[in-house]
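What follows is a set of structures for review.
Both complexes below contain subunit A, partnered by subunit B and then by subunit C.
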Partner chain A sequence: MQQPAASSPAPVDFEVEPEHYRHWSVAYDGAIARVTMAVDPEGGLREGYELKLNSYDLGVDIELADIVRRMRFEHPEVRVVVLRSGIDRVFCAGANINMLGQSTHAWKVNFCKFTNETRCELEEATGASQQAYVAACNGTTAGGGYELALACEEIYLQDDGNSAVSLPEVPLLGVLPGTGGLTRLVDKRKVRRDRADVFSTTAEGIRGKKAKQWRLVDDVFPRSKFDEKVAVRATALVQRYSKDLPAGERKGVELTALAPEVEGNDRRYRHVALEVDQTARTASLTITGPTADDVAILRRGGEAAQQAGAELWALRAYRELDDALLHLRVNNPTVGLVLVRAKGDAQTVLDHDAALVAARDHWFVREVLLHMGRVLRRMDNTSRSFFALGDRGTAFAGNLLELALAADRFYLLDDSSAPVHVGLGELNEGALPMAHGLTRLQTRLYGEQDTLDGLVGNRALLEPSAADDAGLVTVLLDDIDWDDDVRIAIEERVSLSPDALTGMEQNLRFAGPETPESKIYARLSAWQNWIFIRPNATGPEGALTLYGRPERPSFDWQRV
Partner chain B sequence: MTATSTSVDLDAKIPNNVGLSDDPKLQRALEQWLPKYLEWWHDMGPTDFEHMPIFLRTAVSVDRGGWANYDYVKMPDYRWGIFLTPNDSEPTIKCGDDAGTPAWSDVPGEHRNALRRIIVTQADTEPASVEQQRMLGHVAPSLYDLRNLFQVNVEEGRHLWAMVYLLQKYFGRDGRDEAEELLLRRSGDEDKPRILGAFNQPCDHWLSFFAFTMFTDRDGKYQLAALAESGFDPLARSTQFMLTEEAHHLFVGDTGLQRIIKRSAELQQLDPNGDVRAQGGIDFDLIQRTINYWYTYSLDLFGGEISSNASTFFASGLKGRYHETRRYEDHKALTGDYRLPVVENGKVVEKDVPLRTAMNEVLRDAYVADCEKVIGRWNKTLEESGSPTRLTLPSRLFHRHQGIYAGHHFDPQGKLITVEQYEANVHRWLLVPEDNDYLLSIMKPCYEPGKFANWIAPPTKGIEGRPTDFEYVKMHD
Partner chain C sequence: MQQPAASSPAPVDFEVEPEHYRHWSVAYDGAIARVTMAVDPEGGLREGYELKLNSYDLGVDIELADIVRRMRFEHPEVRVVVLRSGIDRVFCAGANINMLGQSTHAWKVNFCKFTNETRCELEEATGASQQAYVAACNGTTAGGGYELALACEEIYLQDDGNSAVSLPEVPLLGVLPGTGGLTRLVDKRKVRRDRADVFSTTAEGIRGKKAKQWRLVDDVFPRSKFDEKVAVRATALVQRYSKDLPAGERKGVELTALAPEVEGNDRRYRHVALEVDQTARTASLTITGPTADDVAILRRGGEAAQQAGAELWALRAYRELDDALLHLRVNNPTVGLVLVRAKGDAQTVLDHDAALVAARDHWFVREVLLHMGRVLRRMDNTSRSFFALGDRGTAFAGNLLELALAADRFYLLDDSSAPVHVGLGELNEGALPMAHGLTRLQTRLYGEQDTLDGLVGNRALLEPSAADDAGLVTVLLDDIDWDDDVRIAIEERVSLSPDALTGMEQNLRFAGPETPESKIYARLSAWQNWIFIRPNATGPEGALTLYGRPERPSFDWQRV
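Up next is the complex of A and B:
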């Protein structure tokens, strides 16, 4: 059977257009949108499995992510999104098990990470964009299907004596419900942990009134009244989420295709370039900052920004960055180190950010900022080493400084003949939070409250030495040392164990507290990724390996 | 281990041979369930015939031959009880990885949920069929047939008792909850349907009733036979006893249809144009459509052709094959493939799948062979009557709602066709609303002893040595 891994020839494309959806349809009706999942069994991204019973693979989820994103930008009039199934008596059976069974570890991990990010994005829409998702579970809601429902603001289940919500991963597959299921059960829905234990070990799940009693769903409705009751609830929610909307005419902004120039593994977008050196196992990721014209548009206010639409630098550049990160993850698995550069003018970036912040009461500008935050969080969660390189012509200031702060190390050139600057703006101080709720600046200076206090509100450009003193720089190098020291650092980095680096980086990047979102990645995904490589799941006698096969799994009973 | 004996405690509120009086907790649970059951029977059973004495058999002992006692009884007074076939000395697990090791007299925790699901699914069919058949008494073709209908009904009720006993005894609170819900679901109800498709199809005339007892009860026989091989000993022994009752239901269906066929052949010859309908009978096209309809819905009941559940149930010894012990030597079935047709890229091709994952299909094979035999007998009847007509079973790919053929369209010969072709012809292949209208128009009640409706031949003999004109149901007591 073919292994759906990066070794497989066709790279995954993360850009989709609504008219080419294979698995979803969306009906817009004023403030309510109905998103219908009807997965085409023959439409798998890779060979070797059928997407039966609304089970999904990465391709299905890429479309969902596209729907969620476009909902916010293209349909700002929508307040409530009803998520339902187009298949009778099945809402969603979760991730396709045969797909998981035949996938490499790397593919499974990337798949789970992407689906987690999509669910976080969907979840964030309720609070941040006043677009509430409602899961209308009109049938069996199993595993990842229930986890998708859990990401929604409210869950309604059809009460027909048969339809149940369930997390059968542990009892049936020997793995975890890894798309936020366990976390959202106890953290979000506050299901009692002992009941969550019973629920998560009962393969057939829980239905009817008990599902409501245990807070697994918000309510159950009889089959004959299901659509009607859900519609009534959706209308009521429209009221709730229509209060205190941000300003601006809620006219959609089309997310036009990015259409990068592709050459081998390299991708050149308008503001972003990704260049891969397979032999060195490094990539260079360069983002070009905004121009004076971009600043001028923003200074005319939110309406002007909305008119610029998908061409607005802050939206376009970050969409490009997002796409580049996804390509890096899924289509370039051996690249271990990414060299991040920001080109442009530091002061212009700060001016840009100030103008963006000044217009943030406008719904579109708000969406742009939220999107930037999500892309940066995608970077935080990317299991590659990032070195930010601030040499000649660098523009690590404001939103672009976030890239340096997201990086594992920041090398800055100190050369009086080619002076570079680093600068802080308002966007470094709360608008683009990490998954665990802190800013990247707070995380970087977690033990240095005085330095942090001294920096906050400082809008002056910093000389390299001042940036170094402020704790923003990892290594300050003069022009004599730069080339050699950077080269050696790169060579050293790519020689280390990729697994250890991933683990180390994920631990060091998130100093400070946890939130449910950070727990999903740090705790749930980490455990899941461990279980995925354990023989009890994926060994020759593991439960995931043998699912659907004639043999029964046999476990190594040792607790580790 | 439960003390079972051949002697039945008949004086108990709930007749049984499982020593219920020694298990006060269970006895209390079942006695609490009893009034709810009776209420369900009153609401959803053949209510309008409750006051009539009916010549029924009741189990009084689990002995071979001695278990059936015939007498007049009013249905609500029927002694629904709990009977297990006495255990052989050292029961073993009959199939799967642990074949040959001692059977479980209690539910192993590892298999608790799977067993509960198996039992609930089986249990749900029992009250469902009573609900489906509740109005048929009003258009019965004879007192003999009316009595058979009620015999089937009360025994389905007893089968529910058998399953509820297992749920209450072995599955704690969950089991009690499931037992309650069995009385709450309703056949054909949009909101609370019965679990399986065929048990939500309407069955409002006697042609469907006979087809149901012929084809759908026969699925029941094979499911029960597979569970009779279960490593969970109480389940195995419950279903063994149910099989003895089930045989009569199949007899009702098989001979009922055979009598219709015989009569239709007579009418065919009687009519100058060979037109059965002109003589008020049931024409062979309609009989064939009925076979096609109920046979295929019953095929669905066996579950998916390629099924990880089926594999797990077999592997863990919960459910065997038909006559697992007698017919097979290799009870592990870990190696070996099963070849079956699948649809791939718009074509039907043969594919090998691991035998264990095809256990539903293996059971379906036994069922299909059994149905073929009956069809053969009916065709013999036709031949003997001098009719040129022959009846057939449609392909098992035709008209499916479950499994790998669902969602594709086949003709009754099993040829893959387009949805347009299917829709243009389906009225020739399956029951249509006009069929119902016609059947209801000819089905008038016939309650006089020894009289039979025009569209059905009398049976060759009566029940328990009684003549065919015996008063099997006393319409007025």
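Up next is the complex of A and C:
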């Protein structure tokens, strides 16, 4: 696989339409959806590998992410999603090894991050949207295949004397099961750590009753009764996940194509614009806030919001932001710094957020809020520096203030002739949590409980100096200093080692507690990134490099 | 620096006597101790670098660790330890860059791990032993120098227009402040994350009032009044840390030399034996439990324990274990698997632990328990596979059961003719926590609350099958299978990629919550390890490689 830079065949497109799925099909049957994985071996995103045995690459996972997202918006009647394979005796063989072997380090890491995000989305659908995912492992479930199952609420395995669940990455490839596998084993399924050790070093995996006894799966069913038993279980789960559903007619809202204007690396959406300066290695990311009309729609309530559907500002703007972030990550790997601006009127944003929160009993509004949270978490986990720039014409308030709080720094103009307002709304106080469970405001003011207490519930717009006093601003600059100081800060940032910045930002962005989700991105992914560049894995004689070839890997035995 | 393997000049010795310190001096003045760092530039542990400006290498940190440990045992009257520099206008310049640049990856990582452990010991002394460390930064405090200060309870900086605190690793070296710096900035001192971002990318650092305002230091004092102000503060802290002190005459207990018999790589201590098989890449680590006489001493109470002093089993055996683990880590880098055995009588171990806990109101006994906890956490953080082997003649009970629970697997012989007892005591239930705050028993049974509840408080010895039923045993084997099954497991383990095992074990050993301490070893150190092998840091044109030379580093700008 070539590195997806300017010279590579085509930028990766993260927008996909169900009628163009190559690897998945979905059957809807009332409250139950059946998602079938049948990966087209010839359908790889890049040349040079075959996607045999339901192994996957980024293209396969882009379709899965699309299914999970559409399920929530377009099929709100669904309570249980059964994931199964369309290939006999194989559920999923995990990430394609040849693809990994041929990929650059940056590609591998970005691929793993996206697949991790998709699996976290799938868990959030189960927990927050009452759409429970069930893995029906009707065959061999290996590596990333088992990690996909681990992200489901329940796992059922066919008991046919052959089908096993396994994490063969350590013994066969010399890398980690890096898509959440190790974390979910001990933290989510609470498999005993010593058994997890045995399991994760046993290439052939574990099957039958022992798999159940070790909590690796929830149950095993004979092949002849597998579909029937899974169907019974799915029906039972429909009952459980139908309790206390949010209000509103469960008529789906279609996620229409965003269809941005594309010009080179730039992308202009309706509310979001991404402009890339490859020479300066910076990008400008501008989001335009809601209008009074957008507020008026929300004030009419959840049904009106649902009627607006994919055109609703909060949904469309954040879908655009999500697409821009992904485009930035995968198609613009050398852009090191993103300059974030929020255009609009601060009071209107706060009015918008208040109206959105007032309608949150409605299922669609709730989904919109959950989606906003996911996009912001994608930003938190994007390994680029972000500077929020509050210059003339920008307004960081409410949900748009989250962008400034997610950024590594927030520069704000202190110009009394053109005040730039900052303000807090309900959406800064709980609805859009970071992966480690705190709000961005709590994280920012982790050491200033008094300041935090004074801010929470305060809905007055803050003048720049008041925002600075409240600890929201990194650097307050007057009109005379703005241009030079911001320019110098940008130049300095892009001159630093991109690796050191990635590591530094990962450590500074997440003060406080950790959750299984944040542990996946910090502890597990950091070790996986390390192992991916060790010669024992990816050197000429490394295990990942030589997999499938007759040669045996040769290890440097030094423990580090 | 050469890699400390068989061919290298001499194995590193972690035992040191105060009269042989080259880099530090300690002055005792009642409840206050003054520790002065004046690193001998010619005193590096290896050839090829000069330790200028109070920069340090492993040898310097071994002396500091010795000071911190002896302070607790030999100087229990001390309540406040003031760390200062003996060099004018320089507090500490951090880890020596030339040393890092010349070191192998494994050496760098082991060096950082040991320095991290020393800083965590220093924090534990403050929190648990009422010996508060105060950093008196009487000059430039850079990189690892500031990280050392961050590990102190309070930081005071000289305000002389020049002395600054700084973390210049990212801007100057392209690596992270990996000795806890980033974590302690946002998690311990709760510096705002955006300010931490500015600070960690500003090579010259921050001084004066701004350093105080940003919470980087607790106060700044003019040069002319610095010593006086620090002394006043130290005296005030003596009061605070003298409350509710544990009982017992505060007469120090000398930590006498362990002086093991050394034969090649093997080390025989009184209670611990380490035998290394370089060909098999395994080591056998055997600890012999306490005797009835050891129990009898403890039953006479804390004063009797203090009289036994460094000869007390619980202190001596764990000091030996600590030394063996360090010897293993640094001097035997290719040993991948450690076979842990605990010899002795299970009931005697439980009696011992009960007597130790009964005497814990005494300061010395409390220190012995804290020390045992630190050694076990060193084992948790040792990147080698551990298999506990419960064969004939071994007994894993009480504090020795912690070794089996710290191990990645526990093989137990089920032979009714020679029963091997397993048993729980008080020390399994809280006194020896892991870095992430849980006990090893809670971690092992993270998913089995009922089993855990049934075990806690149960003091009956468990037959092998009962121990297995209780979730304590990984593999129960009868006499017929033992030899073959254990041999095969060992052979399989040592055949796997050492890097993949390190990453896997780091993820499986710490189910559940994270603490600032565990975040340092997981999130921060993992990213640092990654960055240490990136070409942008350590390649021929990397920033760490070229530091101090006229050439500018050349970066691959791809963000990962």
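The rule is simple: the second predicted complex is superposed on the first by the 553 of 560 C-alpha atoms of A that agree within 3 Å, B and C clash if a C-alpha of one lies under 4 Å from a C-alpha of the other, contacts with A are read in each partner's own complex, and residues count from 1 in each chain.
Going forward, a residue touches a chain if its C-beta (ideal position, glycine included) is under 8 Å from a C-beta of that chain, and two chains touch if they have at least 3 such contacts.
Predicted, not measured: the structure shown is a model, and the values here were computed from it.
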Could you say whether A:N458 touches subunit B, subunit C, both of them, or neither, answering first, second, both or neither? neither
State whether A:E204 touches subunit B only (first), subunit C only (second), both chains, or neither. first
When the two structures are overlaid on chain A, which partner does A:P550 contact: first (subunit B), second (subunit C), both, or neither? first
Of the partners subunit B and subunit C, which touch A:S224 in the superposed model: first, second, both, neither? first
Is the number of subunit A residues in contact higher for subunit B or for subunit C? C
When the two structures are overlaid on chain A, which partner does A:P171 contact: first (subunit B), second (subunit C), both, or neither? both
Considering only the touch criterion stated at the top, classify A:N162 as touching first (subunit B), second (subunit C), both, or neither. first
Give one of first, second, both or neither to describe whether A:T334 is in contact with subunit B, with subunit C, with both, or with none. second
Using the superposition described at the top, list the residues of subunit A that contact subunit B and also contact subunit C. 171
Enumerate the contact residues on subunit C facing subunit A in the complex. 3, 104-106, 109-110, 169-171, 173-176, 182-183, 185-187, 189-198, 200-201, 215, 281, 333-336, 383-384, 407-410, 443-448, 471, 474-475, 492-493, 496-514, 519, 522-524, 526-531, 533-534, 536-537, 543, 553, 555-560
Can you tell me which positions in subunit B touch subunit A when the two form their complex? 97, 113-114, 117, 181, 184-185, 190-193, 195, 308, 311-312, 315-316, 333-334, 354-357
List of subunit A residues in touch with subunit B within their complex: 159-162, 171, 202-204, 222-225, 547-552
